[in-house]
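One structure, as structure tokens, below. Some questions next.
Letters are used for the chains, namely A, B, C and D, taken in the order the chains are written, and counting of residues starts over at 1 for each.
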Amino acid sequence: MQRYSGFGLVKHALSHHEHWERQWRNPTPKKQYDVIIVGGGGHGLATAYYLAKEHGITNVAVVEKGWLGGGNTARNTTIVRSNYLWDEAAALYEHSMKLWEGLSQDINYNVMFSQRGVLNLGHTLQDMRDIQRRVNANRLNGIDSEVLDADGVQQIVPILDCSKRARYPVMGASWQPRAGVARHDAVAWGYARAADALGVDLLQNTEVTGFKIRDGQVYGVHTNRGDIEAKTIGCVTAGNSGVLAKMAGFRLPLESHPLQALVSEPLKPILDTVVMSNHVHGYISQSDKGDLVIGAGIDGYNGYGQRGSFPTVEHTLQAIVEMFPIFSRVRMNRQWGGIVDTCPDACPILSKTPVKGLFFNCGWGTGGFKATPGSGHVFAASLAKGEMHPIAAPFSIDRFHTGALVDEHGAAGVAH
Amino acid sequence: MNQQVQRLAQGGRIDRSRPLGFTFNGQTYQGYHGDTLASALLANGVDIVNRSFKYSRPRGIVAAGAEEPNAVVQLGASEAAQVPNVRATQQALYDGLVARSTNGWPSVQKDLMGLVGKVGGKFMPPGFYYKTFMAPASMWMTYEKYIRKSAGLGRSPAEADPDIYDHLNRHCEVLVIGAGPAGLAAALAAARSGVRVILADEQEEMGGSLLDSRESLDGKPAAEWAAEVLDELSGLANVTLLPRTTANGYHDHNFVTLHERRTEHLADSAPRTAQGARQSRARMHRVRAGQVILATGAHERPLVYAGNDVPGNLVAGAVSTYIRRYGVVPGNKLVLSVSNDYAYRAALDWHDAGREVVAIVDAREAPDGDLVGAARERGIRVITGSAVIEAKGANRVSAARVAKIDIDGFRVAGPAETLACDCVASSGGYSPVIHLASHTGARPTWNDDILGFVPTLVDGVLASGAAHGIYALGEVLADGVAVGSRAAAATRGEAAEIALPACQAISESPACALYQVPHEKPTLRAPKQFVDLQNDVTAAAIELATREGFESIEHVKRYTAMGFGTDQGKLGNINGMAIAARCLERTIPEVGTTVFRPNYTPVTFGAIVGRHCGALFDPERYTALHQWHVENGAEFEDVGQWKRPWYYPRKQGGKQESMHEAVARECRAVREGVGILDASTLGKIDIQGPDAREFLARIYTNKWEKLAVGKCRYGLMCKDDGMVTDDGVTSCLADNHFVMTTTTGGAAAILEWLELWHQTEWPELDVTFTSVTDHWATMTVTGPKSRALLAELTDDIDLDRDSFKFMDWREGTVAGVPARVFRISFTGELTFEINVQAHYAMHVWKALFEHGKKYDLTPYGTETMHVLRAEKGFIIVGQDTDGSVTPEDLGMQWCVGYDKPFSWIGKRALTRSDTARSDRKQLVGLRPKDPKVVLEEGAQIVFDPNHAIPMPMVGHVTSSYYSPTLDSGFALAVVKGGQQRMGESVYLPMADGSVHEAEITSTIFIDPKGERQHV
Amino acid sequence: MSDSALSRVNLFDSRADHASVAVESPLAYSLQRSGAPAPSAASRVVLREQAFLGHLILRGGAIVLDEALREVLDTGLPGRPNTLSWDASGERSIQWLSPDEWLLIVPGGEAFAVERRLRERLADASFAIVDVSGGQTLLTLEGEAVPELLMKSVVYDVDPSHFAVGKGVNTVFAKATAIVRRSGETRWELVVRRSFADYCYRWLLDAGEEYAIGVER
Amino acid sequence: MFQIYCPYCEELREEEEFHPKGQAHIVRPADPEACSDEEWGDYLFFRDNPRGIHHEMWVHAVGCRKFFNVTRHTVSYAILETYKIGEQPSVTAEPSAGEAAASTADVRQGVRA
């Protein structure tokens, strides 16, 4: 792998950039692999990378029906945080956070992980109770997190309207300084390049059309480019999990919904932290390019159309202008939608399935991007060992039968 | 002192009798009414309007409409009126307009960053930031700060917006988008059929290409035909004309958002109407249309050649527009580089304006259409088989290098000739404006005949004219009429006769496919050839991206940032795809296009928000007693949309009580005297029908079959997962008649919940549900003296403890008003809940206070209510529960009918293996060891305070208060297996390092036998 | 028969004697706080609250309710979804709300008598009647700009060419809900819930400013 | 934004008046106590999630307050029909694994089925 560095960049510039190598190969599918990862998004690529790097399993194919990182990896609002309420979720997201913190160096690709801090605002007494509960839990779980009052919030974000004028005045917030944002595409590309360098085959434009299952054991997939065999298969196909499960003959406790986001035109720096509000329902950060990146809500109906309903965007911008009246004259450039697989308890599924050898990693709802490294890391370990990693274990499908849900709804109404 | 050096003495649609002053970058200029800011700047000879985003290169105006990438300015004379990123080509000039470039330091003319761009540009290939700034890791946040500083275009205002915005919800049978020839013809055909038609056009003036057309219709200038049609349309009652209105988004089922700029052509802040009323600066029309006709025209593609970003490079059509519409010639000596006939117009217009056309450079070997002939007739030099391969110049074009090219071989095929000029106009063909059609997610299809993508249309959407690849004026008009008639017919319009105007056909020679012009040097070494001017994306960048393995067009776009600007790649995207296709040795349709998303052009947040901001952001729901609460100094708590009194601080000697003091006083009043709460916000549902009782038994966890008329009962409601979702008291008014109360926040959801079960599972039950929340006002009179007080106001209700018992209700009159009075208690004290029709609430409330003076009747708010109920161990759903708590977790087995015949909602789930565990988190009381401590709500509970982090947490505090009665803090909490741990100690490690110790107790802290409420 | 049917529900007249009791309409606070611009010649919309009318929700089968209403009020149910019928005087209206739900509005003070007579007439039929008079209020809007004011406020198609006289719908009003009815060529009605009345009133004043909205008191 | 034909109001109305309520034809088991934990979990949480034709329940929340069913394509978002509770769809895709199992067991009864 050609190593990236500032020095290298200068060297390439002097030779007119004519000697840059491909960041990953475009291989022909082999007949057989040790492991197949279905889905070439951030989570799938991370899984492949950690399989190769940490478990020495390099005979791995990532099968992607479109382009790498083309699903929700390319469509989210890039927020990274780990201040989750329940122990199980906090462990997973904090595991991820620790990996984020060294990720650029680990994969030699600058994913621009910017730890500019995340504020989750509280506007009612119950909001503040929930914030205190979550922050206390975070602290005892070893996650940086604190409760701020309205003055503390105002100091961090002077342009936020913290006055009593507001319909739902800001009463305080939780504040996680280590949280922030990252460059979403770069995460997929960085993992892809690093996995490729370790020998993983990245098969784009390769669509899984069925599973090869014998006696309850999976042994391969049918694709539009022929059959590919492996006895261990991990499906990491946010937005398509239900469809793949159906191919394998079972159902999942999830529904796929549109989740919309939008950006303003690029502006000079004005907001250098991430502000989220469940109550007035909007969240916002400013990208390095200057766009205000704004998350809208989930539409209530099932949808694979990568678009949602306009009132959702309207409500979100109402919330943003309510919080930041000075943005009223800023203009919205673009909106788009992703497809989120939502579970009844707002937590993911990392699980074995009724089919032996077939593992699913799905149901991240609105919270998938931030979990990318951690999800890939524990899922890789689970695939390598054939047993779920301890951090992943609480997220099995079984919980929907036993009732042992990890209910993050209270803490993460808009969990981005 | 008219400095309009490039303004023609006559011609154009501007009004030379109405001069307008404006300033740009601090300089004062003059333009005319009818100008855009761009045309006025060009008239004044302003070349550099901005600096580019990445390389800080000087940039000028290249286009005349929504596709303009460079002329993006900051508008506004005052801080509050700032508008970032206004496209000068779409901003009408008004007197006093103030604009600035968005980039350039210290000025756009002498920009220091330009040096950085010049020297450093080499080191900034696409994605360079992914490859560097990684060491040392700790430095990234510092690097990022500088990267961020150099990013962004304009700036946000620092003050709140002085203007208002609004929405209009419109419905029509036919929505026509674009008022050019196709749109006008379609609108006319639809309008004459009698259906409702909306015609929207983004420009200041409707007419589109007819306004600068060289052609005639019925022997008159085309613009006159447009005026006649508009005249007819504006006189029809079924037609709405919306100029300055951009269709910015197409949404499902023919829902289209139109952004009307109502006052932006007048001032930077909306002027008041003649009557002095505020008017909205912009208006969002939310249109539901039967049929949508896209008559959105086409965008001209510039050619991609070296130096194509130096000011003085324009797209050919823009040259014609500036000359013919605004009477401005954007230079003196023109070189025109084309791949098609239509673009010859620019040279003809330039020549006819009396300026020099140095040459027309045509990539085709033997063009021979009518326009080519017209150029030759004027003696204009036409160089064939060639193209401008490079524009020279620093701050303005000074020359064009022209050479023979071999398009198929992608090489320069002959020596270059340098032609001195100050303007290079180019045209590589036309791209139908397919954006709105793409918003559906439908991929457009490539059409080789027109060398462009045409839209893929969903049901109910039609395209007409250039938007569909039809360009000849006569054909466009005929298509417009046909499409308009078709749309009208689909929505039950009457067929109407339309006579098409006579139009001279023009012969055209076929265009050739040319996107990037080859240079003598290979692309990576040639001077920069820009594809996306706003984001500084070059042909070399695209080549490099494909070389690095970014083969999907989405990857190319994302790696290079092509098309991510505020112009969304209207000029550059097709060229970029063509270059990617060349590099990947594929065809353009194989490479495919990226998906355009709303908005077509950017839309002010304020316009999307409309009136839903400030005081109207979200409804404030008031009870009938709200005014009294306000007048009596209540602080309010937001509960859902309701404003509820939180507490009533008293002022004594100019000093206001703290919340703590007020709440302690209110609590004491209730425990010792009498207090009153406005409980009107509780949800109230009237339930009637012979099966009402059976329904209640199915929906509540507890039993209802024996509840007698005149009695009330507390009930718990679960979802079918066994988790508590609501609670409240339901009273039996008569055999077939109940009134249910719900939590304040749950009222609407619970009514829908009841309807869900009734309508979809148990329609055989004869029962109806009607919300009476707003009909009844509820006043809770509570405390040992409540009976005495109430007795003064009623003479027809027997208040005797033995005849009107706890959990009974009675009807009668209170203060002369018919009332239902309920003896239910959320405080543990003797309580009467008085319900009267809300119109009389204030009357009764005031009467209570009149008579209550001698009892020191004390109003209390939600905070006191919480303290009093917690002292009694009464839960608040949503505070003491969080959707993961069962009735058993709450220790409320007494409220669960295990042996009810029907398996009620929630029952089955309670026996699931995890739900049936004995060590679940269970509701308990907590008494802090130190009575002065009031535990933090949300504090986490551990058994072992010395455990290392991460500490095993076993529960948390759900409610915690100071009890004036106990003179101690106390709390409700959930603790793992807590119901079996009475008397044990738990620990609460706090953020400040302190650790509180507390004892697990019963949840009932006061009057455990419940005697006080029975008195 | 009818006695026993009546005994199975709680029939309660919650209306007080307006002569002896201070009465406040749902807009009482709003009029005091936000004021009421006087109608002028320039007013293209004039708003008036028709306070203290009797509002009854009728539930049940259309056929039996229709018969009972014809007997009691001399007017039947409207025949189509989302339409209204009026009695001869125009003072009493019945609006379709759903296939088994109607809103009956009668002059103030009549509600209880009407409810009783209907109950007596309907006896053992399957039906319900609920008095909601205290929970909502009726606003009339008159003037040529009313349709445009409503277009700012509701998502339903209120174009007069589409929304005929005699139509009435329950729909989204700004961020609340309201019943919108057209009772005459230029006369429209809104039925709003008491707790949302202030919000709706402030919305109407704000949105109506450009039409010089006036409020008749 | 959708425009939905309410089968009770008998006209097209705007999506803002409606609430989606999830998959249609989910029937509460007639005898919950006879269900295994697995069956109960399936009833509570497991849903068809098709990319294509989907039957879902909506309620005309700000309108006639009636629940009804919608057959909608989850990619194009085209609404193919709406029908009252108790009625069966006329537009159907191939039955899913879950549906097939349910129909063979013949447990579907009642108006929601």
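Here is the rule we use: contacts are C-beta pairs under 8 Å (C-beta built on N, C-alpha and C of every residue); 3 or more make two chains touch, one makes a residue touch a chain.
Protein identities per chain, from UniProt: A = Sarcosine oxidase subunit beta; B = Sarcosine oxidase subunit alpha; C = Sarcosine oxidase subunit gamma; D = Sarcosine oxidase subunit delta.
Just so we're clear, the structure is a prediction, and the values are computed from it rather than from any experiment.
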{"item": "A-D or B-D, whichever has more C-beta pairs in contact", "value": "A-D"}
{"item": "Approximate Å spacing (C-alpha centroids) for the pair chain B, chain C", "value": "34"}
{"item": "Whole-Å gap between the CA centroids of chain A and chain C", "value": "50"}
{"item": "Inter-centroid spacing, chain D versus chain B (mean Cα positions, whole Å)", "value": "29"}
{"item": "Junction residues of chain D - those touching two or more other chains", "value": "1-2, 14, 16, 19, 37, 40-41, 44, 65-66, 76-77"}
{"item": "Residues within chain B bordering two or more other chains", "value": "251-252, 255, 286, 288, 612, 615, 618, 620, 721, 909, 912-913"}
{"item": "Touching two or more other chains - residues of chain C", "value": "155-156"}
{"item": "Touch-based graph of the chains, sorted into line, ring, star, complete or other", "value": "other"}
{"item": "Chain A residues touching chain D - in the complex, by the definition given at the top", "value": "240-243, 246, 249-256, 299-305, 307, 309-311, 341, 344, 400-403"}
{"item": "Complex interface listing, chain D residues touching chain B", "value": "1-3, 14, 19, 21, 27-28, 31-33, 35, 37, 40-41, 43-44, 57, 59, 61, 65-67, 76-79, 85-86, 110-112"}
{"item": "Contact footprint of chain C on chain D as seen in their complex", "value": "8-11, 13-14, 16-17, 62-66"}
{"item": "Of chain A, residues touching chain B in the complex", "value": "4-6, 8-10, 12-13, 16-18, 20-26, 66-68, 70, 74, 87, 91, 102, 104-105, 108-116, 123-126, 129-137, 139-142, 146-147, 159, 165-168, 183, 185-186, 189-190, 204, 264-270, 272, 280, 286, 288-290, 305-307, 309-310, 313-314, 317-318, 320-322, 325-336, 399, 401-405, 407, 409-410"}
{"item": "Interfacial residue positions of chain D with respect to chain A in the complex", "value": "1-2, 15-16, 19-20, 22-23, 37-38, 40-42, 44-51, 54, 56, 72, 74-77, 96-98"}
